[in-house]
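What follows is subunit A paired twice: with subunit B in the first complex and subunit C in the second.
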Partner chain A sequence: MATTAAMTTTVDDSARDRAQAAAERAAIDASCRGPVLFFAASAIVWLLVGSLLALLASVKLHTPYLLTASPELTFGRVRMAHLQAMGYGWLSLATVAALLWQMCRLSRAELVYPKLLILAGVLWNIGQFLAVVGIILGDATSVEWLEAPAYAPPFFIAAVGIISAWTVAVFRRRREPHVYVTQWYILGAIFWFPWLYLVAQFMIFWSTAVGVVQPIVNWWFGHNVIGLWFTPVAVGTAYYLIPKIIGRPIHSYYLSIIGFWSLALFYSWAGMHHLIGGPIPGWLSSASTVGSMMMLIPVLAVAINHHMTMRGHFHRLRYSPALRFTVFGAIAYTLVSVQGSFEALKDFSEVTHFTHYTVAHAHLGVYGFVTMIMFGLFYYMVPRLTGREWASSTLIRVHFWCAAVGIAIYFAGLSIGGWWQGRMLNNPNVPFAHIVNYTLPYLFSRSIAGTLMTAGHLAFTVLFVMNVAGWGQQRAGGPTFFVEPPSASLSGPQRIGPRDL
Partner chain B sequence: MTAVEIALFATVIGSMVLFGGAAVLALGWAFRSGQFDNFDRGAKSIFGPDEPIGEATDGFPDMNHERK
Partner chain C sequence: MDRGMVIFLGALFTFSSSWLGLIVFPFQQLGHEQPYQKSDSDDPYPQPLQGIAVAGKRVYQANGCMYCHSQQVRSQRFGNWWDDNGEERTGADIKRSWGLRRTVSRDYLYDNPTMLGTMRTGPDLANIGVRNPSAMWHHTHLLNPRSANPWSIMPSFPYLYKREKIVGDRSEKALLLGREWTVHPGYRWRPTPQQWDELLRERGATILRQVLASAPTETFDLTTADGQKRLLDFWLTTPEEDYQIVPTADGEALVAYLLALRKAEVPLPEAKE
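Our next item is the complex of A and B:
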């Protein structure tokens, strides 16, 4: 009898613990819901804008007389506007949504004054709108990754200042004493990006560095915005989502920490490999080649870790959309990074530099890796913020297969076409017009890939709008919201509505 | 050296010192505050009573059986 009573108490205790933890997590999610969903929604708007610009630019390369009547829609402007919309719109805003939500959850701290972050989001979007419209109207600068006309950067700087300060504020209010590896990545990103952006703006536009220093600063920024802003948050997201979804801690936490610090040490060297063969001091591009090779350390650390964590759980890829997108992204990270290290070798660059091969590599990185992980994050995060499940699993499948097949075609087509393009460009006996004609089918395959990817983005947008609008069943039954939390255990009942549970 | 060159030089050297120094300080803090003392506990810190180790937390919306 006594044993039964004791057991009942234990069960009650653990049920209470469970309810308490669920309530705490729900309160944290509720506190950051507004800004995170705002960043996520505006990211998706820019994803659509960027997709349309991308399609237009892609089609123009194999059908050059399309829409040539207006200077606004010429290839040069449309491609720049595409990069601006995707880099600073979709990727950056999705990155901010990802880092805010995960920083709150991992610190186990509520977000205070969320309206300030909404202000940051509005500022960023104003800057972004000015930048894209400005580029289309012909105000672009000639600096890749920094094409935004002079009136846009102040908005980005103000917004990123608020975002970084608020992320640190959440971190300082943390209740969880351990700093998880994802938090290291996030803290790195919010510290590095403002620095990169300010120094690049200062050295290229405000107080002009002259001569070869300009492209050096340009590619120091251009590569680091990928390596120290998108990459850390995306890798950190995979480090949170994969263990969390399958319910198994990372295979080697030690390796994950090594991965973070070696990324911090080596990634910022790599930018000069964009200028191999260019008019810069030879030691600079050699140092970058070394740095790019050293990146194999963090990349293999992440690859081994994610693979070993997933081992025995791969069957779950059939069931969880968040996991499937995230694991796809993590695999693409390994592929693109190993490829990138070897691409930085001078012999390799001799063929592939300034060809479509580089474009394929870039898209495997920003799409196959970063974008796919951000999709995975959205599939996991949004239902937990809105309290609604996704309305249609068919649309999720459409999204996944369009995106996955799309990027595969994109990568395969331009890699093969680009490689032979490079080989022929190195051969003085091949007429240039022949090379241009040779690349046409590959460029056409890119338009097909782009159409598929855009179709996937439309499916994703429909899902997101339906979810936020409250279509789809109320979220229930999942472990996150397993137990109805008793109101006594809440830190403040006003923080929790029925939709959070 | 012109004023502009000095400003650029100061930016480059200044940010190298500032950001290299920040990384060293962060690493030092992490060691001192015991962040690297117990990797096992660190890996488990994202799990809690409501989302324990061994329980999957996600599935396709129409496949509730996966969520246990």
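Our next item is the complex of A and C:
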């Protein structure tokens, strides 16, 4: 409640308090600058690598003769390398950048020994480079989400150990007594991910989980890495950015509590729906179907909370790039989660399992939701770290529309194609050749979508490089808008909240 | 209590519940399964992979075959469809002859990693060794899947094969494919019209003799463009005289692994519907 109180009394704050708060924020941002920008920059490098691999894999599925003679670029390896680059490169490194900066800002505490975090970033990138190159050269494990060859995980484990420890250290040195909901999500994520990763590595590769226990561990990990690592940080980021940008507190403190704890409880139970119909005990997939349906609670709690916070402020999506990306992501979160709950029902899964429908769903999650929110955060955070505004609002517009239209085509094409693919697979009278031919136009639509998304990523990269290289205007007052808002009251959070939490 | 501690304990508790329920408990439940032996004279089932099939599994892993091919046969009652009379039916996997029965946890006792798969861009492979036991078919299909199924979108795997000059007799392992598949391994080769004119000028008589050796009833009027094209079409389906394509060690190993995939073959009591 403290935040609500703090924000409603803002009008009375004196100019001196504001100056003090601004100086504090500047000191916090200065302490974060090195490591957070390092994580952000390397995340973008992997985003580009992952996009090119994705595009290649996508085109190969409808044009099988493309580069077919090269072992390094065969479909299976490129697809695994794409997942590695996006999952552990872009998504994870962006997540780390997001959680470090927000934890410092919300705790009102500087980062201590930032150089060690840069070391963590270097270690993670070494592991990531070894993993992607190893997969391309033929060392992949073929365990989905854990494809990295055995020499990469030690780097990830060391890096994530440092990151988690530093995040906790910042939290313990907090000057702000109120713990905001974003901090809960971050604390959850930095605790869950190392545990998940260690358990999965240990049980699958170092110990004796053979037979069907292995896919069970595999999907417990694969589902949770999304639900308990990417999702909490992305949802937490939306919880941070939406109130910050529109300048009003979150609608309901209690809904955010319900959302957090029900996510923690139910998401971790949902993973076995990936094995419905498979050779595992029936009660396991039933338990996960229950967990998946119960996920409606946290999802709707977050959806209502975000929507009620935004109510009356939707017109601001015209102006603020960060807000537009974030709200797009928040809406996609609701859609993809509700869809996911129903996909876990047996009748639904009977059709969509083993088809491109699942691929569309996965991308609505990791792209439409997580990636879009991370873009939103970058547009908000990077100028505060570099002290420079974005050099071109046209490029931001290009980025937004390429990404938004790209994921929309991606999702629509593979959902429709995948649904009918599943219906035909269930009918033994339909020859397999017919199903393959039927999916081709939809696979082609994905390549178009992927080209758009990649073009958006290039625009984003250009903007980021220009910003870091000092090509933008010095930050003074308002942020970069798509179009200038009509009145000065809309420009920037500095004018709205004194604390600028 | 400190707010951080509340979050820590809560995160620990919720997470432990799923870890105990979804991981530790199934680990205990499934950890003691034994191979099945109907009578003492029978071999226990399943058997671990043997010989080069073990290396073949590595090739399967390295090239990500699992990302398009599942290895599980689902129940007769799974997945509905409607037949021509509008009647509701279930169980496509077995009717597609992907296995004689559904697969159960015991089928995977020795699998490591267990590549159940999540995608059926291609057909299920749990039982491919029973369904298609011909090593030669697998080799020709792997070199270029279009040589077996023109509609296939599977990649070619020419790097599992080598094209070599024949010294002495043709190897027994040499792939039985026409030159259109072997001149440029992994691709489908066809000379350009200029190249074909040149070939006809230089070696026309030899080519005609080669084709007639394998298709003695055919006649070709080489004075017409149509006759020349027909000759080319025939010639492309005849094997190269001086070169052969043989599997590399990886290619042999992969096919041995595929032939060892015979999961839904031996009846198991728990797999009854």
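Things worth noting here:
Criterion: the second predicted complex is superposed on the first by the 464 of 501 C-alpha atoms of A that agree within 3 Å, B and C clash if a C-alpha of one lies under 4 Å from a C-alpha of the other, contacts with A are read in each partner's own complex, and residues count from 1 in each chain.
One rule holds for everything that comes next: a residue touches a chain if its C-beta (ideal position, glycine included) is under 8 Å from a C-beta of that chain, and two chains touch if they have at least 3 such contacts.
A quick note: this is a predicted structure, and the numbers were derived from the prediction, not measured.
Applying the stated clash criterion after superposition on subunit A shows that subunit B and subunit C collide.
Looking at the shared chain after the overlay, A:140 reaches subunit C, while subunit B stays out of its contact range.
Once the two complexes are laid over each other on the shared chain, residue contacts for A:399 go to neither subunit B nor subunit C. Touched residues of subunit A, counted separately for subunit B and subunit C, are more numerous for C.
Look at A:171: by the touch rule set out above, it reaches subunit C but stays clear of subunit B. Residue contacts after overlaying the shared chain place A:274 against subunit C, while subunit B stays out of touching range.
In the superposition on chain A, A:355 contacts subunit C only, with no contact to subunit B. In the superposed pair of complexes, A:191 makes contact with subunit B and with subunit C alike. Of the two partner chains placed by superposition, only subunit B is touched by A:254; subunit C is not.
By the touch criterion defined above, A:68 lies against subunit C but remains apart from subunit B after alignment on the C-alpha atoms of chain A. Look at A:212: by the touch rule set out above, it reaches subunit C but stays clear of subunit B.
Comparing the two interfaces of subunit A, the one with subunit B and the one with subunit C have residues 179, 187, 191-192, 195, 199, 203, 209, 213, 261, 264 in common.
For subunit A in complex with subunit C, the touching residues are 60-62, 64-65, 68-71, 74-77, 79-80, 138-144, 168, 171-172, 179, 184, 187-188, 191-192, 195, 199, 203-204, 209-217, 220, 224, 228, 261, 264-265, 268-269, 271-272, 274-275, 277-281, 284, 287-288, 291, 350-351, 353-356, 358-359, 423, 425-429, 432-433, 436-437, 440.
If you check the complex, the residues on subunit A that touch subunit B are 14, 17-22, 25, 106, 176, 178-181, 187, 191-192, 195, 199, 202-203, 207-209, 213, 240, 243-250, 252-254, 257, 261, 264, 316, 319-323, 379-380, 389-393, 396, 472-473, 477-480, 482-483.
Across the interface of their complex, subunit A is touched by residues 3-4, 7-8, 10-12, 14-15, 17-19, 21-23, 26-27, 29-31, 33, 60-68, 70, 72, 74-75, 78-83, 92, 95-96, 102-105, 107-121, 123, 145-146, 149, 151-159, 185-187 of subunit C. Note for the complex: subunit B touches subunit A at residues 4, 7-8, 11, 15, 19, 22-23, 26-27, 30, 35-36, 39-64, 66-68.
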